[in-house]
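Structures follow.
In what follows, chain A forms one complex with chain B and a second complex with chain C.
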Partner chain A sequence: MLYRRSTGFKWFMAFNSFVMLCITASILFPFLHLLSVSLSDSGAVVGGRVGLLPKGFNLEAYARVFQHPSIIAGFKNSIIQTMIGTAIGLFLLTICAYPLSKRALKGRKPLVLFIMFTMFFSGGLIPTYMLVKSLGLIDSIWAIVLPFSITPYYLLLMMTYFQGIPEEIEESAMLDGLNPFRILMQIVLPLSKPILAAITLFLTVYYWNNWFNSMIYLNSTERHPVMMIIRNIIVGSDLAGNVGQVGDTGDRVSTASLKAAAIMSTTLPIMVLFPFTQKYFAKGVMIGSVKG
Partner chain B sequence: MKESQDRKKSKWLTGGLAFTLAMSTILSACSSSNTGSNTGSSGQETGGEASKGSAGEGPVTISMMYNDNPSYPFNASWPVLEQFQKLANVKLNIQPTPDADYENKLKIVLSSGSAPDLVSFVPLKVYTEFAQTGVLLPISDYMDKLPNLKQKLDQYAISDELDNWTLKDGKVYGVPFMFESNMYTTAPVIRVDLLKKHNLKTPTTMDELYEVLKKFKEADPKSFPMANLNGAVGLINLSGSAWGIGPTHNGFMFNSDKNEFEYSYTSDNYKQYVSYFSRLMKEGLADPEIFTSSTDQWKQKMATGQSVFTYTWISELGQINADGKKNVSPDFELAPLPPIAGPGGVKGPSAQRIISAYVIPASAAKKPNFDKLLEYVNWMYSDEAINLGTWGIQDETFVEIDGKRDFTDAVKNGGSVQKALWNIGASNNNLTTVFTYDWFSKVLNSPLVDKLTVEANEKGWFPAVQKVPKLTPADKEEETMRTTTVNDLFMRTQEQFIYGKNSVDAGWDSYVKEINEKGVSKLLEIYNGTLK
Partner chain C sequence: MSPYLKRNYHYYLMLVLPIAYFLIFKYGPIVGNVLAFRKYVPGGSMYGEEWVGLRYFKMFWNDPSFWSAFQNSLVLSILNLVISFTFPIIFALLLNEILGKKIKTLIQTISYFPNFVAVIVVVGILKELLSPTNGIANDFLGYFGVDPIFFMNEADWFRTIYITSDIWQFMGWNAIIYTAALSSVDTQLYEAAEMDGAGRWRQTISVTIPQILPTISVVLIISLGSMLALGFEKVLLLYTPSNSTTSDIIDTFVFRMGLQNNNYSYATAVGLFGGLIGLMLVSAGNYLSKKISGFSLY
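And now, the complex of A and B:
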């Protein structure tokens, strides 16, 4: 123990833990509530009697979500989009960030500025759509993973990280006869595991959650990712009357339960990733903040 | 140290290798499956085109943008969809787009000129915006090829509504998705069990409603007797005509006596409207979340008895009543009332029989399948197609005896007629073009609605169709610009008035002055200019 545990310190620790508990609870409770809503009986949900524990336990809302004709294909598409998108993104970011992290590179500054420019100004939705269309990518997965594979912000994170690796290591590797590509593969990347893990996580979450690009660029249901389907369940017309239809009067699953079940079944897969990558994640977001 | 580093390195390398291998397998698997499905569909498409060459044998492909409603998620194997393609001899290449983002995608697809052959469910707002620009096909030019449509339009005498879809050039750029006749489907609804319990008379005027709500509040001081759904716009849509401030086009009503447009939301009637609701709010008779409740929150308020009066779709009552019986009491019963009379008289909600339109992009006229496309559109208005799209499949879901149609017992006893229809692809806003009266009434299956509808037609509860001014493209642009400002101001002050942040008496004159300056005067000038 480096410091004595004074009474003041104990109080501080107790207070600290209390505040932390409150914050944790404020994050956890809505989540638990949603979980129990998804598992509860329609009457109890509509009656507002569901708290942190389900009332009238049933799995009907989940059954309804998984009865959706495209949901299984949706999960498959999401996984494919996420894996391909992350792999391509990671690859392109690495081979783009590494040379740009070298101060000796001629024209480095204009290049970086050129890339950073896109952080603040974009072509707009319709021009981007026309571009993707003229490249013939509409209604294919490449429209989702190619145009958005390099995110300037992640590129800057990686560049900063690569710059932090002492040049002497690379110089000695060069003396030992390695070419730049092997230096990247055998020296730099093994030293950059935290940033690679962090970017992987960022990209995975991005591709898993992204429905907008799929909505714009994909036309066939068999290619739609699960998030797009879930979003429609949650945000689409929840009142048939609004669109000139008659509601389903005999429905036993309340829309609130259905929405909760839809949210739970898509959030859980991505949430289980966090505990495994958390240590890298914490490091990843701090990259660039400490110099020297 | 060095050794452990080496080991780490080799571990990393193996890991990397495994990762790369896994990735490449997935990539190749995916690309192969992609090409698989691509060749599949393109094969069929070429098949279609080839047959087009050989004198129209075999189905022609028609691509169609489809509004995917979460209540009946798109399913390519719906029997009705299969029948549609078989009977019309087409192959529908459907592009389902989530309802949640339909308008967004619609605008992108139309403005980038990449719309499919047929686009369903285009609301009036988007329609007028794009019809002006020339990206849509002027379908009225092809009426000679659409005899079924013409026949239905004449039969339903729908020219008033259709006039709003006619542009200044006199052309119509879409085909309507319409109701055969008006039905009394939205109404003020009240807890009749409580009326009986407290021995109260059913309210017929706004003043009586106030008294009844007050009694309810006295009986249960914790409650907020009136709730509302779909925000301020929802309330005005459903109750506005009784107040004489609806139906409107962006707040503008056509006064047929004076033959000019007037702005509703600066009228005396509107002043009474906000005063009324600000009084309800002040005395705790209206839900404080009256303009912000989501559908789920609103359902909860109604089903727990926190609120006992609202305006809504009568078809929503079944579920709320079932939940209410579980939560409140076995007597729980929300029931629809005839319109509650306000300064505008006994008027029900606005009656628009045309809900949306199917549009065809102008570019489709040059495609080889254009004749077949028109043929298909015409077929959609045939009795065969309408029957299929609404009633489903003959002798499976419905029977026709002596010209009277009814659902089969299996459908009627299956719990929910609507669900049974959705499950086979019928009752679908993207496949059908007409909801006939007898069909809608059988689906609703509410004798009360039938009775109220008859009464509504006899007593003239349905307000006249709101006239939409026909604008030139330049005026349209000006309108879009001004309307945003005017609507923002209108919504903001409405809230301030009703929540009592601004007193109606004190703030009224400056509100009228400001909104006139912000654009109402200019808009009136534009709108009335179209009448000359």
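And now, the complex of A and C:
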């Protein structure tokens, strides 16, 4: 292509590469900075001498974070909530999306409308809270999991994907005498691994990252997930109760390092999983955009 | 049983649980909005005990702190809409010009990683970077002799912090849809433009942009509709009494009135008002979309 030889284009390419470099750097920088703060000793952190690399490298902050009983309990709670939430969500989404992906199903249109309406108008914060309260779910894991199991947007992604599976495959299975339950289990789901993977990841991230529902629905702090504990540390309302006590003056570890270590340890699972799973994330959005 | 049902009843069986779910957990709270017109008695029904008409609506209508929250919501939404909508397009167009396929994928992957980071972590990072005592931003300003700024506590900085961190977190993710549209542009169009003597800039204006215009308009309409749906959790985390003149939005107002002060009916009325405006925006956006691009959400 001719334009590639022009000097204007070369300048543009140099400029563009520089812009891209700045963007990636500004995305990575906060994580690297936080990581090095979490690994540095208190003198360097308080003196503001920590940039991209740790000064006075030590793992003390992590050791303290992982010795802290409420953080360990938090991790346990987070894992349980995430697993149960994701499993229930995936199950309900599948049995809802599959029948609704059948265009010939009588009553499909009003049902889809019935569901999609909740995407644009919802009960709002207070009525939802009142419902959870009157169902007696306060302070139980079900308050965190159930009200948020089916997200209409994920339902749309799944329906669109199921509709893309050639009907002939299912029809021949039907002739072999398989009922729709078995067709779903034995034929459709094995063909739907990409969308199942994408939705599993979306749900996992949602439940892992959630703190707000724990704050309003869980009264007992021993049930709080780790994000809620991090929230208390960061917002500072519970600084003394959580990490402040171990970050006394003259200590090798500063409060900033402890906060940074706590943040990094909750984000690390996502960071480690991300490179292996990112293609499914992107695919998930792409499937949705086919229809749009 | 009719032959149709005999063949299809399994499908309806599958739907029983999900429909029950929607009735209880989604329509329950929608009906629960009647609380806005009824008086709540502690320990009483979630639907309230006694009709009071528009009393709670009149109350917030005459409440200056509601109007301040309403105005803050509007300003933040509009700023956020304009900025969060344009950045991903520009980013996708620039990324599209990067030559190596591998490096392109790498940049894209890094760019959307923050989408999966928890809000609380984003706010934690902000607090660390912007801290007046050992934050890197104030260290930097210190070199120029600027006194430490309490970024997180200043009302004037709230909107900048909110929007900048939104760009940081979501630009890459929101660009994916454009990158997908760009990669499906027929290369023959570029070759034809090249033959006509169009340079790279001309090709972008005359080929690339028209090709992704449908995607842009659909995204614009969806974002118009969901304009008021701000990142409530982030605002709540960034909210402090000292920056509340800009950081109190409708959602945080509802949260404070309802769940912290236990004025359930009052908060429900405000929430319902916000929800209805949102519904109107979605309907308007959908109507426009149908008119302009033939695409509609329902």
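Keep in mind that, in the parts below, the second predicted complex is superposed on the first by the 238 of 292 C-alpha atoms of A that agree within 3 Å, B and C clash if a C-alpha of one lies under 4 Å from a C-alpha of the other, contacts with A are read in each partner's own complex, and residues count from 1 in each chain.
Just so it is clear, a contact is a pair of C-beta atoms (placed from the backbone, for glycine too) under 8 Å apart; a residue touches a chain by one contact, two chains touch by 3 or more.
Every value quoted in this text rests on a predicted model; they were computed, and no experiment measured them.
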Quiz item: Should A:I138 be classified as contacting the first partner (chain B), the second (chain C), both, or neither?
Solution: first
Quiz item: If you stack the two complexes on chain A, which partner ends up touching A:Q186: first (chain B), second (chain C), both, or neither?
Solution: first
Practice problem: Report for A:G48: first if it touches chain B alone, second if chain C alone, otherwise both or neither. | Solution: both
Practice problem: Check the residue A:N209 against both partner chains and state whether it touches chain B (first), chain C (second), both, or neither. | Solution: second
Quiz prompt | Contact breadth on chain A, by residue count: chain C or chain B | solution = C
Quiz item: Which partner does A:V235 contact after superposing on A: first (chain B), second (chain C), both, neither?
Solution: both
Quiz item: Does chain B (first) or chain C (second) touch A:A256, or do both, or does neither?
Solution: both
Practice problem: Using the superposition on chain A described above, determine whether A:T7 touches chain B (first), chain C (second), both, or neither. | Solution: neither
Practice problem: Once the structures are superposed on A, label A:Y129 by its partner contacts, choosing first (chain B), second (chain C), both or neither. | Solution: both
Quiz item: Which positions of chain A sit in both the chain B and the chain C interface?
Solution: 46-48, 125-126, 129-130, 133, 212, 216, 231, 234-235, 256, 259
Exercise. Please name which positions on chain B make contact with chain A in the complex.
Key: 8-9, 12-13, 16, 23, 26-27, 30, 34, 37, 68-71, 73-76, 95-101, 104-105, 108, 111-112, 114, 121, 177, 179, 185-186, 229-230, 295-296, 299-300, 303-304, 312-313, 315-316, 318-320, 322-323, 326-327, 355, 415-416, 418-419, 422, 427, 429, 435, 440, 443-444
Quiz prompt | For the chain C and chain A complex, residues of the former touching the latter | solution = 4, 8, 10-12, 14-15, 17-19, 21-22, 24-33, 35, 45-46, 91, 94-95, 97-99, 107-114, 116-121, 123-125, 127-129, 131, 133-134, 136, 139, 168, 172-173, 176-177, 180-181, 194, 199-200, 203, 215, 218, 225, 233, 236-237, 251, 254-255, 258-259, 264, 267-268, 271-272, 274-276, 278-279, 282-283, 295, 297-298
Quiz item: Contact residues on chain A for chain C in the complex?
Solution: 1-4, 6, 8-9, 12-13, 16-17, 19-20, 23-24, 26-28, 30-31, 33-34, 37, 45-48, 51, 92, 95-96, 98-100, 102, 105-106, 111, 113-116, 118, 120-131, 133-134, 146-147, 149-150, 179-181, 184, 205, 208-209, 211-212, 216, 227, 230-231, 234-235, 256, 259-260, 263, 266-267, 270-271, 274-275, 278, 281-282, 285-286, 289, 292
Quiz prompt | Interface residues, chain A side, partner chain B - complex | solution = 42-43, 46-49, 68-70, 80, 83-84, 87, 125-126, 129-130, 133, 138, 140-141, 185-186, 189-190, 193, 212, 215-216, 219-222, 224, 228-229, 231-251, 254-256, 259
